[in-house]
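Below is one structure, written out as structure tokens; the observations come after it.
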Amino acid sequence: MTASGNPPHVGAPMSIDHRLSMDELAAVIARDIPAGAFVNLGIGQPTKIADHLPIGSGVVLHTENGMLNMGPKAEGDAVDPDLTNAGKVPVTELPGSAYFHQADSFAMMRGGHLDICVLGAYQVAFNGDLANWHTGRPDDVPAVGGAMDLAIGAKDVYVMMPLLTRSGEAKLVARCTYPLTGVGCVSRVYTDHGVFDVGPEGIRIRETYGVGASELAERLDIALCDAPLHD
Amino acid sequence: MSRAEIVGSTDAAVSGIEDGATVLVGGFGLAGMPFDLIEALIRQGAKDLTIVSNNAGNGDVGLAALLAAGQVRKVLCSFPRQADSWVFDGLYRAGRIELEVVPQGNLAERMRAAGAGIGAFYCPTAVGTPLAEGKEEREIDGRKYLLEYPIKGDYALIGAHRADTLGNLTYRKTARNFGPVMATAATTTIVQVDEVVEAGKLAPEAVVTPSIYVDRVVQVQTRRYTVQGAR
Amino acid sequence: MTASGNPPHVGAPMSIDHRLSMDELAAVIARDIPAGAFVNLGIGQPTKIADHLPIGSGVVLHTENGMLNMGPKAEGDAVDPDLTNAGKVPVTELPGSAYFHQADSFAMMRGGHLDICVLGAYQVAFNGDLANWHTGRPDDVPAVGGAMDLAIGAKDVYVMMPLLTRSGEAKLVARCTYPLTGVGCVSRVYTDHGVFDVGPEGIRIRETYGVGASELAERLDIALCDAPLHD
Amino acid sequence: MSRAEIVGSTDAAVSGIEDGATVLVGGFGLAGMPFDLIEALIRQGAKDLTIVSNNAGNGDVGLAALLAAGQVRKVLCSFPRQADSWVFDGLYRAGRIELEVVPQGNLAERMRAAGAGIGAFYCPTAVGTPLAEGKEEREIDGRKYLLEYPIKGDYALIGAHRADTLGNLTYRKTARNFGPVMATAATTTIVQVDEVVEAGKLAPEAVVTPSIYVDRVVQVQTRRYTVQGAR
């Protein structure tokens, strides 16, 4: 397992001996977020990461509906309909919270002030292209929310997703077939089978879960930039 | 002159809204949604409205009820597809309502531009995606941007927490969301508040929307919907 | 003397039997500002107008350094170095004041939310062009402040100035020879000799002070659009 | 990561400012001017600075003292010509300092754009004036605009009223002015405050500058200069 902190991973990939559940993956991502980082967790799976941030982690959560230093989900009497996260789930505030309006919130994002955002995805391409807002199916109501703003806004965009679709196709692809959310914006992909760093020179395996690096590489329809050194 | 008027009823507050008007409607999901003003607008009956709002209605209340009443021709929003957006969904699939999807940050910034007298602005959001179609692209300092134009409203309907008798506003928690931006972007801004207080009772440093942006204020009995999708 | 209120002046110009001091002119302008108007008074002579606004006038003063509902000049113990007007003179706050930052303050102005601003000028041209920021002399340090923003921002831009330079030349001219502050932006000119409305069809005398309208017209090097009916 | 640091001295606060840096300096005249940080910068001795500020120094204190120390190569400001701007005046007339005059609203909006990730924007200010020279003009919806680019700082030095231990800021009255905008536009934002309080002590709705924009905070003995030009 990787140490927390942001230094680019060098050398052989770390590994865990079983494929991770989404909850375990959320824990891994939580440990990779450095103390003091300003982070936006996208709706859906990434929201789970908040549950794994230790108390006093110093990570400051941003929610695009206008808040910094968001606390955990609200329960019982703490539920306040005026205080929700971007998924419209009631949440709480931590000491040192601040509220701001929507234009200020997205200025914060678009201006590159967030350190990390973690998003779900349909597909991520070799070059960091992201597709996560629309299946492109004609009968699907298109809905983008803040995804395109987040994709181009944070200093690092992490994706959290199962590596394979239900029918077994890799979601890490040579070229996205789904409509794009952002171009070349993803810097790291967390999946149940392993973690991938996406850089200018291509994709590199950072960690593997329940699978050898070579085997993992073979499952993908893309060339990895650095053949793993061990299995 | 535009000094705010404190009116005695929500019906008086929404009077004069014409068929075909563009109406900015505050709220992010249900937080900050001006429920009472929308109910008055349903009674008032204006038709063929273009609604600008983050979502396209939740459950059967607020914006969803306005859509159900058949008063809306078109919706500009970022995220119409939610578990509880069945009213919009039905109308959309039946071809009875138009939809324009706008990334959430662009929605906010384009309204800010309308309020701030900015003619247009270059924004990095959505570059290289299907939502860039038809937009002018320009490279500035090595980064690509799209030219985005202001979104102006004839009316804004927003919810705030307190108003003073001059029309200065404060908001509660994340219910602030689009309210302050929409207040600047509409010709006539109509606000429902929990409480009207005497001028001088709001801390001048804590005012979020200065009175100059507010045209009509009505005090209503607080009604908040706690759970998304609650019927 | 004109009645207060904004209806465009029709018919014969009003007159006063003596040329006005700048202080008297300030009083005239104060009376012409409708109750409830949002007004910015430029630095220099226009600042005097504030002293002539009756208590309870309902006029809300904006100062571009970030405040609405500014009160009179501060005296004695009321002086607070953190509270000044745009001329850096200590002022006070009225009940219902609001503070905002500089970008929000100029958004308010540029977005057309102020009803009136009153500026000093070196020259105003026939077509409403304004020159008030720079003499154009090579040894003069150029300084524009908020003048160009105000000139294009308020719904109505009034100029307050002596009609003649010290050497007797009219400052209401066919074409500005000083560097411009704004193009076609002035709607009314208040001078010690009379008041002029500036519109798409040209300049019309609104009031005269100590001089007949014909005589006043003759002093100017520009054609007035409507020959005055009486002297 | 960018979590704010509370430092023990103004010398520590300004450490690392390089020769040739662009430094945004808050304040409108003397209100909001970060006097103590500027004094520390004089002790620190960085040279060849480009200063962005509304004015070019008043009296012999604050920014004027920095200019007098010969550390500034160029000033970008809106209003350098004031009764008490003798330091700047002398340097400018001696050809020892460069000046770029920017309309006040553009100064604010261009810094906002830098902080908000806007590539450029069309602004109606200064159209048809000498300050339009070299700028791209475009007509949008029948009105003319100039294309304006962001102004980004390497550092911002600003004065605020209170900070909490996370770096959230509040301001007093019109001393707010450029502070919140500059905080968003600089790589490193350095703030002097009257008081540092525990996180949780500032009302989250009343925070003006959220902690994400703040890098270093130092508490200083309040010192305010009451009269413009007082020596």
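Letters A, B, C and D mark the chains as written, and numbering starts fresh at 1 in each.
One rule holds for everything that comes next: contacts are C-beta pairs under 8 Å (C-beta built on N, C-alpha and C of every residue); 3 or more make two chains touch, one makes a residue touch a chain.
Every value quoted in this text rests on a predicted model; they were computed, and no experiment measured them.
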(message) Can you check which chain pair, A-B or A-D, has more C-beta pairs in contact?
(response) A-B
(request) Could you find the chain whose CA centre sits the greatest distance from that of subunit C? (result) A
(request) Find the geometric centre of each of subunit B and subunit D from their Cα atoms only, then give the gap between the two centres in Å, rounded to an integer. (result) 33
(request) Just give me the whole-number Å value for how far the CA centre of subunit A lies from that of subunit B. (result) 30
(request) Could you grab the centroid distance between subunit A and subunit D? Build each centroid from C-alpha atoms only and quote it in angstrom. (result) 35
(request) Mind checking the centre-to-centre distance between subunit A and subunit C? Centres are C-alpha means, answer in whole Å. (result) 56
(request) Would you please write down the residue numbers of subunit C that are in contact with two or more other chains? (result) 67, 93, 99-100, 107, 109-110, 153
(request) Would you give the residues of subunit D that are in contact with at least 2 other chains, written as numbers and ranges? (result) 109, 112, 116-118, 123-124, 171-173, 176, 204-205, 208
(message) If every chain is a node and each touching pair gets an edge, what shape is that graph: line, ring, star, complete or other?
(response) other
(message) Applying that definition of touch, give me each pair of chains that meets it.
(response) A-B, A-D, B-C, B-D, C-D
(message) With touch defined as at the start, can you tell me which subunit A residues reach subunit D in the complex?
(response) 34-38, 58, 60, 62, 67-69, 93, 95-100, 107-115, 153
(message) List the residues on subunit B that touch subunit D in their complex, please.
(response) 109, 113, 116-124, 138, 140-141, 143, 145, 149, 170-173, 176, 203-206, 208
(request) State the interface residues of subunit D toward subunit A in the complex, per the touch definition above. (result) 1-3, 112, 114-118, 164-166, 168, 184, 198-200, 202, 204-205, 207, 210-213
(request) Going by the contact rule at the top, pick out the subunit C residues touching subunit D in the complex. (result) 63-67, 79-84, 88-90, 93, 99-103, 105-107, 109-110, 129, 134, 139-149, 152-153, 179-183
(message) Touching residues of subunit B toward subunit A in the complex: what are they?
(response) 28-32, 54, 58, 78-82, 88-89, 92-93, 99, 101-109, 111-112, 123-131, 171-181, 208, 224-226, 228
